[in-house]
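As written, the chains take the letters A, B, C, D and E, and residue 1 is the first residue of each chain.
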Amino acid sequence: MSKSEAITLQTFTQGLWKENPVFVMMLGLCPVLAVTNTAMNSLAMGVATTFVLVCSGFLVSLLRHVIPKQVRIASYIIIIATFVTMADYLIQAISLDLYQALGAFIQLIVVNCIILGRAEAYASKNGPLKAVVNGAGMGLGFTFALLCLGVVREVLGSGSLFGLQVMPDAFQPWSIFVLPPGAFFVLAFWLMLFAWIEERKRKGGKAA
Amino acid sequence: MNPGSAPAIFLDAFLINNFVLAMFLGICPFLGVSGKVKTAGNMGMAVTFVMIVSSLCAFGINKLLVRYDLEFLRLICFIAVIASAVQLVEMTIKKFSPALFRALGIFLPLITTNCAILGLALFQTAREYSLVQSIAFSLGAGAGFSLALLLMAGLREKLDLADLPGVARGAALTLILAGMLSLAFMGFAGLGG
Amino acid sequence: MSDADAMEIPPQPSALRLIATLGGIAVMSGLLVVSTVQLTAPRIAENRRVALERAVFSVLPGAVRRESYRVDETGVVQTEANANLYAGYDESGALIGYALEGAARGYQDVVRLLYGFDPETETVIGMTVLQSTETPGLGDKIIHDEAFHENFRLLDVSRPVEVVKAGEKTEPWQIDGISGATVSSQAVGEAIRRGAEQREAVLTFHRADRADPIDPTDRTEEGGTQ
Amino acid sequence: MKMKFGVPPSGGFSEDASATSTVSHARKASRDLKAPGGSRLKAELRSVFRGSFSHGIHPAENKQFTAGKAIRRLPFPERLVLPLSMHAGKPSVPLVRKGQEVVRGEPIARADGFVSVPLHAPASGVISEIRLMPTARGPRTLSLILDVYAGDPQEVGYGAPADVGALSPDEIVTAVQNTGLVGLGGAAFPTHVKMKVPEGSQIDTILINGCECEPFLTTDHRLMLEQAADLVEGTRILMRAMGAKRGIIATEDNKLDAVDAIRKVLKPNDTVSAMAVETKYPQGAEKMLIKSVLNREVPGGTFPSAVGVGVFNVATTAQMGQLMPMQRGVIERVVTVTGPGVQRPGNFMVPIGTPIRWLLETCGFSGSARHLIMGGPMMGGTVSSLDVPITKGCGGLLVLSEHQLTTEAQMRRYPCISCAACVKACPMHLNPCELGRLAYKGQYETMAESYHLNDCFECGSCSYVCPAAIPLVQYFRIAKSSNREKAAKAS
Amino acid sequence: MSEPAVQLKTSPHLRDAHPVDKIMRHVVYALMPICLFSIYQFGLSVLALIICCTLVCVGTEDLFCRLNHRPSTAGDWSAVITGILLALILPPSFPLWMAAVASFVSIAVGKLFFGGLGFNVFNPALVGRAFAQAAFTVPITTWTPAMVQVRFKEFIPSTFTFPFASPPDLRPWMDGLPIDGFTGATPLALMKFDHIDTEAAELFVGTVAGSAGETSSLLILLCGCYLAFRKMLNWKIVASVLGSAALFSLVFWLKSPELYPTPLFTLTSGGLMLGAVFMATDMVSSPVTPLGIVLYGVLIGVVTVMIRLFGGLNEGVMYAILLANAATPLLNDLTQPRIYGATRKPRRKEAKA
């Protein structure tokens, strides 16, 4: 075991903020926009994606010395598709309503660039444990992003959170936030907010 | 119009439930390749083309899988077959029409791992479309994707010459534009109903 | 890292090796998927059944047991796969009515619904929306709006139903629309109107069925509702 | 003195539609001098009957100050400044030394190659200095300073009668070069170069440009009235030299009296004819005029010879008709001095090299005016110093008022609002709106590659109509020169 | 003679154009009669709506300029136009707090986000309304009758809804009004869902329900003529929008007159007239090339009628204009004018001189 196998806290937290797959790397945006009309959907999607990230990362890392370079992408895709299919059936078994709300987007995790990207850039070069921890971090970052959108969209658009009413009765819901345009606007809002925070940090750093 | 008719399906994927603006499929290329009108046009063509190919493939495979009761392998087969079909098409084009390859070629490998393509295959299967319906669906989806991409590219080219405020740089600008396009496309709701 | 690099130095592996690897992975993936499917299949079937029954029982008030049929141009046949017609019975085994599916284009997309049909009075006795993407706060009132659902407690379908403005219902075959969501309300009406032919087939079947009563409990065992 | 603007012209050409509209705009015009130059409907109706190009603008003509005033000769100034490069092409080479005496009409500099012309002494006197002097074009250039002998009779002592009819086309071209004639319409391009028909081209029509579409200026108008015979003679020389079958003298329809004056000296069934086209800016641009008169379009990047036409200015042609039979050189020209800033406006025959300070003093310069323009208000340039001389290409001196300047400055700059006014104005059918937006972002290459920047001839119509006060032409000049520099660097 | 300080400038030294702020001011003048008429029709609530929208629009513009430490551009009148037009295309009963939100979105997202005057790609007022339509779907489709007697004495109850609360149900209030048979339906809704035709004359003078300012086509047309006459508005856009809409609906009317409205109805009903005259003509978001302008107008006309006749909505002007705005850069690109002298053949046959 070389030094690079050491698992640091950073292996995990990397995906949360500094390399957040959505806000920083702008990957996997389709599900981010499509399924975040409620917080519950966002959470489920995030968990499913994390599951696939962790499992495929583990398997790819295990097999990294076995798979020849020429067929690695094909192999990764098959491995990922396998876990996505598993997630698909598991969700059906857990709740049909959830399954219907997420629609085809569970299956579309296959083409989510985050996962193939992690397999190619990280899992294929690191040990299984590290790959799992990193995958979990990335998945958590992705879930965080999904929830950022989901919470705002559900609270403003329906006046509720995880299906429970949180706004007073008189509150007028802004249905645009659960409609397609709202998804774009809320994501744009978060991007601007994070860009602004980053800039403040940079400026603050310089001033200090 | 009968909702199951081919024109209705085409119109639905093209305008009413636009693949990009209402269904959120293919957002990555939509954000990434919409900087220049010319590239956007080529990308639109390439995507439409791949959509038709993969729609046909998916239709055939699904028939086979259903026949042998192997639906649970659907996803794995779809992704594998679409990827190889596009690869094959790419090689064919490269061989027979270098000009077309220059226009479409660089996009083809990118497109394969794009939700719009797989999404199309999955949706047409879930909705149990016939062959004709599937073709109408893929044409509509391709046209819808191209239209959204071209409009976006036009707007972004125009805004290249604007005095944008600091917050409006980069992805946020594109997303706000996409939101407004999506708002405008809401006008098509219920068309032909 | 070092051994990963070492792996990349050997030249072109043989084609056999490539195929073998892919094959191996495919087999492994097949195993994983199949075992997941096996593991989850009963739960999924159960989920489906519960959801279906919830819907059927909600449009046939009082029903506790159902049977599945398929109705199309050729008539009505009993089947579990591809079913689109459900008969509902109450605790005493008496027929409450049939649940039929309907669909029509709404404001945004197709609205799919299930409604209960009482063949004796030729009325609709309940309705539930199976699938709709109507606008939240406007069109989606067809799902939960109490006043709107009141229309379907006793709706005469012996003649074409009409959708009228909210509060203007005067005849038993009329539906009070939801104001501000005329299109969605029209879609519900249209879906029920379109079902006339199916209901005709159901009526024929029902009358034949009544004329030649079979013990419903037998049928349940054959049909394998479990 | 307070000037009234927008008063109907007193001259004999008031048939013009602008007369009515200037009255209706008189109140406004007296304030800011900006009355649109004619009822649009009438103008459009008129263009059905008279040939015209599409687009363009109708600025207030403001020619009434000087249109009725005959050309007057002024006394000689004390000293003349003669830049050696008052024409396009290579500068002339001096033939005189410091302190040398010269006689009026004597060649004092020779042409340096084909695209260059000689220079003749505009007055008898002595060359007091040869040094760098400011010119209207901007940079200081080598100039001959000529101290005029006061009290000299100022007879032209050079030249001999010659039979122009006996010369071959090539001999005519050489003879024209010897007169030092350059385009007096403003470009100051050596005339003999334009007379040399390019290999493979054939010229069928000589078009004499008497449009004078710039507001205020009346030089060409007066020339057509007073020197019609010389003008027709010059046209015939040009036709013979270039092998053209016909000559057309074209002016705008606010100068119909000039058409009459020319027709008086024409023979019956003459190969030379006179006609009027619509009054509209920039009717005088050669490409527009060719379109209006002959309905031909000069392809981008080529010269009129590509469509079988030679275009020459009225003043150039009249000088040719006057000088060629005597084999003399260009020593004087007509200049309109006008504008609200001068007290005694008029058309004057002045020696080349007259400093504008002297000319302005003679005409009663109010001194407070700061907006001094050489040429017309649309294309002329401001001058950096009152010491610059009148050169061969300068046909007008315009002094705008203080008031005019301040209203101009008050017009606030806005971003382009895409109003398309400029698109509707551009006679070249370019898209100044898009060009302006590109220029704003410094994308000069795109302007040339995709938006035909190089076809813009800087007429200023777009800037004139822009409600956002965007300096479009200025942008385009900068863009062109930046592109030229880049190309020069690359090669 | 004193040596004057000569000023160096480049040509042209003259200009003849109405400055931008003057054009904008005159559009405001032209909107005034429409505002007055709509206040006359609907009463105090519309007055409050117009004031609220205008103030929020101008305020937002000013605020963001201040935040960016730039000179305020609120004085160029364009934000005033946005505010007034936005108020005119909202229902009279629209709660003020929602109108304020729409106004804020108009200016902040629809205009300043893209760099302010001249750079916005969509019509700001319509961005505001489209946002409100998607966000507050019910209040924005709630219509009240025109000419109710109490209109100058009291506000419509929903006008002063508490911020962020949903507006009260208007039915009790309307039931209390001394008018009978009002269904709260606009002429377009009546046409679309019940095939009830409204008299064209009624539409022309505007005594029907509808958005605040979209009801008298005659007045709108007159005000538009004033602007067109002063060359502050491109009549070609208006003509191509109205012409194509009339032609397109004529085709369907001839096919089945009992199902589809007459072209005159199409032109005079709903927001088409206001949209064609005041909103499609916003130069910032429309093309500049001669052909592009016509195509833009035709696109608006055709899409409007298409949505009205075959779509889920009964009015489509707003979406049609937004779509045409989106297509504007492409239209500009595709219709670059043929420049002078851009002929392949260097020498053309001489035409009659």
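Note that a residue touches a chain if its C-beta (ideal position, glycine included) is under 8 Å from a C-beta of that chain, and two chains touch if they have at least 3 such contacts.
All of these numbers come straight from a predicted model, not from anything done at the bench.
Among the remaining chains, those touching subunit A as well as subunit C are B, E.
Under the touch definition stated at the top, subunit A and subunit E share these contacting partners: B, C. Distance from each chain's C-alpha mean to the overall C-alpha mean is smallest for E.
Distance from subunit D peaks, on a Cα-centroid basis, for C.
With centres defined as mean CA coordinates, subunit E is found 47 Å away from subunit D. Note: centroid distance subunit B to subunit E, computed from Cα atoms, is 33 Å.
Between subunit A and subunit D the centroid-to-centroid distance comes to 71 Å (mean Cα coordinates, whole Å).
Taking each chain's centre as the average of its CA atoms, subunit B and subunit D sit 60 Å apart. Each of residues 72-73, 76, 163, 167, 176, 180, 183, 186, 189-190, 192-193 in subunit B touches at least two other chains. For subunit D, residues that reach two or more other chains under the stated contact definition are 415.
Among all residues of subunit A, those that touch two or more other chains are 74, 78, 81-82, 85, 89, 175, 179, 181-182. By the document's touch criterion, interfaces exist between A-B, A-C, A-E, B-C, B-D, B-E, C-E, D-E. Contact residues on subunit E toward subunit B in their complex (touch as defined above): 68, 109, 112-116, 119, 121-122, 127, 130-131, 134, 303, 306-307, 310-313, 316, 318-320, 322-323, 325-330, 332-333. Across the complex, subunit E is touched by residues 170-172, 174-177, 179, 181-182 of subunit A. The touching residues of subunit C, counted against subunit A in their complex, run 1-4, 7-8, 13, 17-18, 21-22, 25-26, 28-29, 32-33, 36-37, 40, 43-44, 47-48, 51, 131, 135-138.
Touching subunit C in their complex are the following residues of subunit A: 2, 4, 63-71, 74-75, 78-79, 81-83, 85-86, 89-90, 92-93, 95-97, 100, 125, 157-158, 173, 175, 178-179. Those residues of subunit C whose C-beta lies close enough to touch subunit B in the complex are 29-30, 33-34, 37, 103-110, 183, 187.
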